[in-house]
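Order of writing sets the chain letters: A, B, C, D, E and F. Residues in each chain are counted from 1.
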């Protein structure tokens, strides 16, 4: 009996579509990274340990985002899912932001988080969430997470894309060289405010 | 010879997937509106005349958006495309905004428009566009259009979704009851600025 | 100044595509449940509290799955994501299973879990995971989770679909009326084993 | 022991996404027909017997198409696949046509068939196929099948959509009331030819 | 304060999915062209000037199509949208054609255009369109555009795909080496007509 | 007149999206194989002859699967469809299996086949199928095919993906090095049975 041969006979090269672990040195396409050769794939490609590590919140927002997107976690490439860890020290804030290409699902694993999103109709949906509570933020809409207690809070978030992107509104406005006059025109903010925030967040112009 | 019968024989009920004109009174699903019965569909369902009408720019932004989304133009339902007309009077501005579920392609048909978008890496891509010039804004990213000349400008824009949505950042922040303290926390804006803009744009709290 | 009217002018019915909260009493379609009318949507639709509740593991597998799929958590309908909580008492097992329509991403939030999956090439990828460690299981492939320590373990899992399905292999084989002779033919299991497991899991025939 | 209860506990309403058998009396959406209630689904919904029946080729094209699309075979609704049977008597022809929303894969099960398609670059790809030979026709491209022998031929074709549609070019041109002058303009055909074929295929104008 | 470092910390490699500008020298995949390295991307990649240029209509159809597809406009790669300009001199015709992989939305920007499409049920939907009027042509269906006035007409069209393809029916039939006998069989056209049009359009055989 | 030039003018590089024949030596991506250069594509790329060849059923399952997936049939790459031939000698069995990424449609072309699938709700749908009868197996669900007569049976199956994968449950469990103790835990099978089948199917551990 030659069962190995049998398997080969039954399954000639048919398993190519099971997964596509990202070859981060290879080319990028609209559907994600090029696949690593299957013979080089190991269990480690499907495991990510970074979400167990406390993020460094010694910064201006007293918060940290630890992504497990395809660029950090090659195993999720092509699978329509990814994750991240949010750390919010007391007073911590994940500023208003969007994920251009994904919906987000948040589960609080420690502390209290006030989270919310705003719809195209400008309606606000927000709530104070405790440990174990879950909130979903529909694709592309502005949302935020704020520490709602006096102690550190943590959340695990997952995304409906392996590369959801992350655009923080105030960084998009004030952390680059978009001319202040243009920022003011498209936001209604006044000149002093724009210039102050450009200074704080590193923008010029 | 009975060609009509022949056709029926060859094509029994096989044309259901050609299109799905929105029945706006019917149910809405994740894939779009319920389809109108095919026998009730007419050419008018596939034609929209609103983009030929000058928008009313007598308003705070000296600009107007005339959408031809599935809700206004039932023929595009399910077809992965829609359109809109932008009118920008001298000094007119389409404020910073995103389309949560679509990429946008703009063609200037009159005047001069300064248009741009900001990437997740906070890089700004913007340019002064003249008649006939085209710019594409990738899905979900912040972008804007500003009249770049002293005369009225017009653009025809199209979207990669029949219902792209439209979230104007400053309206999302200042035109609802999201508490000012929360707005300030998630944007770094100061209290006076937030309260001033809430007053201008109709927000409370 | 009439900002409310301004908003209506700028955004006539354009926000339909932001989200599609499931109307669980409405019709089901290939893309998910019919949407609840937007005016009836509240923040509660986007929040799920069940993942914070310890599952009841007093059962044959010493484990519990608490789903937050569209049927339990209407807010995820149409958004390409959902979640679940796994509770594994000491000795607990989530038996070999697949999700026919989704990839899964697991984060251990308590205890130790041995998790793994098997590819179409019959290669096994498995590992012992500790708190904070993450593993991804590609769509449609057989996988399992087993408590790897002597104390209760918990994981939060998310899926790349709002309705991922859950097919537990041994229940599919032994918990229904599929004739034993047929089960034996398609699995190579012997008659005694099949009949024993049918008894344990509630099957007949 | 209460295994049935166990199953209910483990699987509360989680199986909604397995399939969506078409409720042909229900509403149609861009993603397909509304689903039949799962409790009313039987094995018969997933079985179609029509492809075993010889098509009636006593017609102008000496050929017949027997579709197993969602409208005839409700089980394929939402599953991204469907099928049809082609019967070609000696001299039989499936005229030049497209499927607007699907690729097609043909397997000859009897006789000889000359099949081909034309690319956007106007390159022709065609071949004489014998029993067991397979050809694929990419989505939306013009293709045809002609009996290539002196005896009846049969093919089983499948499609990458449950509702692929079927647009036969000559019927689209000559079997309706599209004015002859317009037909001539957009095809370069001469007036006599257009009018002759309108007569043959049942068109007016 | 080191805001730049802060940004790097918050956004490590997470912006890969914003866009995928085509590297036209790179490999092509089912999802589109390989992406240009992000550091080499400039605003010019997202801007296309060709739609502002009058097409050369000194040809057999007195018309011109100026495409802004991914191959000409790399910025649209992967974004689900593209565009083109149609120029129709007096008497000009865009012959009957399909886009195998996209729906099309047309906006008349000058003159009068008679446009229409034919459904799988052989129903014709056509109308005379004036400046500013819009018509949508569902994916894969035969459609046409004809100058409806005595002066030049222009339309901007957009597509639900970055590479919609373009198959002109008469060119597919008469501008290649598909044997005349086969053309006649699959279209019902007579031999003289086929041979005449092969001569006009450059076909052989 | 220069019709060839005319075509070039009308169709500059616009046909890239018609098809994407797999370059099996090129890179693999989440959307499939890299495309072969269009000038190297021939009709042979779209034709597969293997489904006409009787499979070798002299093996443990008295059955054979002959795949025509993208890896064997490069023309289907990117087209959302593929096929296979099933040969079942008298007593032959295609063991319980899933296709992780595709629905399957089976047409019996010879003999009698008992086929069925099991839903997430553990309901069994199975039937005895005769020549010409068709059954559909929804994506990712366990299914099987067994010769239901005393003579050889053949089926042509097609899939809603060019690379559907194929995971045979008993091979996944018993044909690799997954430790017996783990197999037993996740399946409820007893130790003797697991070890016996590991021996038969080539597994270790």
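Here is the rule we use: a contact is a pair of C-beta atoms (placed from the backbone, for glycine too) under 8 Å apart; a residue touches a chain by one contact, two chains touch by 3 or more.
Nothing here was measured: the structure is a model prediction, and the numbers come from that model.
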{"item": "Neighbouring chains shared between chain D and chain F, ordered by label", "value": "C, E"}
{"item": "Steps needed, at fewest, to go from chain A to chain E via touching chains", "value": "1"}
{"item": "Inter-chain centre distance, chain A versus chain B - centres from mean C-alpha coordinates, in Å", "value": "26"}
{"item": "Rounded Å distance, chain A centre to chain C centre (Cα mean)", "value": "22"}
{"item": "For chain B paired with chain F, centre-to-centre distance based on mean C-alpha positions, whole Å", "value": "42"}
{"item": "Touching two or more other chains - residue numbers and ranges from chain B", "value": "7, 11, 14-15, 17-18, 27, 29-31, 100-101, 116, 119-120, 122, 126, 138-139, 141, 161, 165-166, 171, 175, 200-201"}
{"item": "Touching pairs among all chains present in the structure", "value": "A-B, A-C, A-E, A-F, B-C, B-D, B-E, C-D, C-F, D-E, D-F, E-F"}
{"item": "Chain D-facing residues of chain B, complex", "value": "1, 3-4, 6-7, 9-18, 20, 26-27, 29-35, 77-78"}
{"item": "Parts of chain D lying in touch with chain B, wherever the complex brings them together", "value": "27-31, 56, 59-61, 64-65, 67, 69-72, 100-101, 161, 163-166, 168, 171, 175, 200-202"}
{"item": "Chain D-touching residues of chain F, taken from the complex the two chains share", "value": "7, 11, 14-15, 17-19, 38, 42-43, 46-53, 68, 73, 75-76, 79-83, 85, 102-105, 107-109, 116-117, 119-122, 125-127, 129-139, 141, 156, 158-161"}
{"item": "Of chain A, residues touching chain B in the complex", "value": "93-96, 98-101, 114, 116, 118-120, 122-124, 126, 138-142, 144, 146, 165-167, 169-178, 182, 185-190, 193, 196-197, 200-201"}
